[in-house]
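Consider the two complexes below, in which chain A is the common component and chain B and chain C are the respective partners.
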Partner chain A sequence: MAGTQATYSRKDHERAERLRYLGDIALVILGIVVVWQILHMLAGDVAISSPLATAIRAGELLGSANFWPHAGETAKALVYALVIALLIGIGVGTWLGAHKLSGAVAEPILVALYSLPKITLYPLILLIFGLGIEAKIAFGAIHGVIPVTIFTMNAVKNINRVFLRSARVMKLTTMQTVTRILLPATLPEIVSGLRVGFSLTLLGVVIGELFSSHRGMGFLVMRAIGLHDVSTMMAVTLILAVAAVAISSILLYIDNRLHRRT
Partner chain B sequence: MSHEVHARLEGVTRVYPAVAGNPPVHALGPIDLDLRKGEFFSIVGPSGCGKSTCMDVLAGLAPPTKGTVWFEDKRVHGNVPDGIGAVFQEDASFPWLTVEDNAAFGLRRAGVDAAEIRRRVEYALSFMGLKDFAKAYPAQLSGGMRQRVCIARTLVLQPRLILLDEPFGALDAQTRLLMGDELLKLWRETGATVLLITHALDEAAMLSDRIGAMSARPGRFLETVETGWSRDRDSRMLEGETFGHITGRLWQMLRSESKRAMGHEGGVA
Partner chain C sequence: MNRLTLIRTVVIVAFFGLLEILCRTGIISPFTMIPPSEMAVELWLLIASGEVARGMRQTLGNVAVACFFAITVGFAVGAGVHAVPRLRRALDPFLTTYYAVPFFVFYPLLVFIFGMNNFPMIMIGFLFAVVAMIINTLNGLDKIPRVYRKVARMHHMGRTKTALLIELPYAIPNLFTGVKLAVAYSFIGVIAAEFILAPGGLGYAISFAYDNFDNNTMYALMLFILVLVTIINMSLHAYERRLLRRQGR
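Up next is the complex of A and B:
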């Protein structure tokens, strides 16, 4: 009986926590909308469209057949860039984490590259990859690869050595040690790197689309700016922001779940 | 107890090579040790005297710089031989696996069939008092329970020689005594030979058939003390007079060595 009561009270507590969390999110969204409305009232339609007008325009865009090829182009570039950033980041990060000297040499270089404004490299990227999707993918990957590398490197470097000793006592092969010990032990940090890398990769892809591009969400924003179509410009930005926040939230949820176990 | 030799160290020395400008470290030896089949042997000594190095060498985790290591009449050379299990001082439970998956980990690697894995894991978890926590993750358990998970993971592999490197070092005194009782029960039930590395003299005195007292670095055996306990013993022996004699004798041997290890070279009177 006492156990049942304890179960109910824990469930009630969890439900209350969830409701409070949702309430906090609703409050933040409400706050953003209020500030946005105030800014719209101060600056007028010529600079900032109202939240309502933006939402209506976003709805129109989502219902329009012309919008989806652009969204597909951005999504395609983002997925390719993210996969490249992940593959290179995990590979290089694992090597740098496992090899002490290489890690010590590379770490300050990586940190310097991380803080470098990568937009300065974009003309170079355009010269190498041309004006197509390749340039956007490369620019996105450049943004995402560094955080994934740094997080992976630190995860491998700081792996609990006793796990590796246990692996030796249990006679695991090198491949088994990598797949059954190293990978799961470093996964929480790799997902943290992916979460940070995702935001930066998206930033890189969209920046790539803002210049010298004829397709994609970034291109839609630039075209709207050219036409002084404020509501479209803000609607595309809103759609991008909602998609980014949704994906980031999923990654954050996975990240938190993985870290809770460690 | 049989006097048949189960594992042997012959003239073993371990020197860690120079790293990043630091000189080589002579950590251990030369030492000789015969572990008798089925006995509970403990090594005590001051911090940094090479106790853990001795275990690593015996397990095949680190090669001896000089000397030879034997386990069941086969030379230990570069790899951990079949039949040896180890539990370390640090929490080695895998945080991404549940308690039962942790326990089953080594058996799955060895390709043991599912029914046998289930049988051995159920037995080990129930033996270690973890049956009700089979689906829990290590992060949900106390330090003592996590260490029991590691012991269960070793136990399911049915090792004939169990090496324990200060497995209760991070636990409070009372939990350590209780864990000691469980360890004795495990030792009696499995019939395995146990080598325990510990810095706690009372723990060594309570658990062991024989205790090897080691000098400050480089570790050498000063003396081996026979406790004379019966196999059917537990932590209640702490009340006895003999227990006090054994710990007193060990401390007599180790006091000056511990001071030496702390940097008071020359020992004390």
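Up next is the complex of A and C:
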């Protein structure tokens, strides 16, 4: 046992630190659940269902065949919206970042659009696309496209000029420059944009579902409200929140790794 | 007016001009969108009739309350959390993923609990805005260079004095970024809430006009909200730039 003290290395110390950090996070989650339970006890079953009851109801929903088409609808709208936002955002962002004048002209306009309550435009979207999934996709996409554009623009604008000059020296074609130089150099920032864009796109899709929709998770919440079914309402909300946080955490992890690499 | 502003104005005017032409020539049908010039005329009529003022008072009132609480609570929580590094590290992942949760799903729940009045709307505006303020308060306090605190210690300043004379002035531009976002987010929160379910306000008026196929009123109000919010946000943005420039950042 004499060696124990000596072998207590930095690695062990780091592991202990990490364990404590995870413990702290667990404590925060526990804190949220406790506050929730207290709110439940104050407000009663008619207003807030208890954490346990909500979790059980969420489990039931996840096991029921009726739930998945709605989840699928939301996921489908989200994926389409995100793809559209990424394609347009990266395209326009690259242009605005590469062309200095366009970038300078567009930046304040983008900032203004970013902080606009885009919900006011929803009726317009509904009038153009009708009441189906297309409206949700379009609404999600207009939420997500702006952060992706802004992040891409800044990434392209701040790219190290030496990279581009070496591309020219090595006589790379435009296509090669894009795939070998531009994309790898801007990827970390684009992923940051994707992370913010994901949150906003989901928000857009869900708001779309809360307002004149007949399918999707948002619709389930609204229908549960209509039926005064508190536990279902909270269970759907919980599932949505947990899924959103999980996806966002994965993106955050990738984001941090990419940024550390460069 | 410098060249950039001129080009920007031309771009914006051209955009509305194009919309006007598309609407007038019937490429965009009047059932989808009315020409921007008609929106402006309709808006003028609505303002003259006093209908806008009523909705606006309610909306702006809710935004102001939500904003006030988001800024004060956000600042207090931010400063408090910053003082406890261990808590801060544990909270960080929650703060960064907070905005991934589509908060409006809680709105129906709030209406259900508190009833159809202003409170749930203020609550949503507050919940949406407060974390932006917390994050920017933490950012601002993080950025204070170590040497500044050392100077405070050399001068034997107490905790309060350090906070008031050193930390607060240095963090002000970041705190203002928080304020700017809090204003923008409370607007988004309150108007979206009004839109979904509400007893009144501008968002409700738009959704009511939409349900009644009253395109003229709907577009006039849309134009009004977009112009109003853009003016407020852009003034705050310009002031923020000035604060940052003054500190030479």
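Following the convention adopted for this analysis, the second predicted complex is superposed on the first by the 242 of 262 C-alpha atoms of A that agree within 3 Å, B and C clash if a C-alpha of one lies under 4 Å from a C-alpha of the other, contacts with A are read in each partner's own complex, and residues count from 1 in each chain.
In this section, contacts are C-beta pairs under 8 Å (C-beta built on N, C-alpha and C of every residue); 3 or more make two chains touch, one makes a residue touch a chain.
Since the model is a prediction, treat every value here as computed from it, not as a measurement.
Peer 1: Is A:105 contacted by the first partner chain B, the second partner chain C, both or neither?
Peer 2: The second partner, chain C, only.
Peer 1: Quick check on the superposed pair: does A:21 touch chain B, chain C, both, or neither? Answer first, second, both or neither.
Peer 2: So A:21 only meets chain C here.
Peer 1: Who does A:180 touch here: chain B (first), chain C (second), both, or neither?
Peer 2: After superposing on A, A:180 lies in contact with chain B but is clear of chain C.
Peer 1: Return first, second, both or neither, reflecting whether A:166 touches chain B, chain C, both chains, or no partner chain.
Peer 2: First partner only, chain B.
Peer 1: For A:260 in the superposed arrangement: first (chain B), second (chain C), both or neither?
Peer 2: The first partner, chain B, only.
Peer 1: Counting residues of chain A in contact, which comes out ahead: chain B or chain C?
Peer 2: C
Peer 1: Which residues form the common part of the chain A surface touched by chain B and by chain C?
Peer 2: none
Peer 1: Going by the contact rule set out above, which residues of chain A touch chain C in the complex?
Peer 2: 21, 24-25, 27-28, 43, 47-48, 101, 104-105, 108-109, 111-112, 115-124, 126-128, 196, 198-200, 202-203, 205-207, 210-211, 217-218, 221-222, 225, 228, 230, 233-234, 236-237, 240-241, 244-245, 247-249, 252
Peer 1: Could you please specify the touching residues of chain B with respect to chain A in the complex?
Peer 2: The touching residues are 59, 61, 79-80, 82, 84-86, 88, 90-92, 94-97, 105-106, 109-110, 137-139, 150, 153, 157.
Peer 1: Using the touch definition from the top, list the residues of chain C that touch chain A in their complex.
Peer 2: Where chain C meets chain A, its residues are 4, 7-8, 11-12, 31-33, 86-87, 89-91, 93-94, 96-97, 99-109, 111-113, 181, 184, 187-188, 191-192, 195-196, 203, 206-207, 209-210, 218, 221-222, 225-226, 229-230, 233-234, 237.
Peer 1: Which residues of chain A touch chain B in their complex?
Peer 2: Interface residues on chain A, with respect to chain B: 160, 162-163, 165-166, 168-172, 176, 180-181, 184-185, 187, 258, 260-262.
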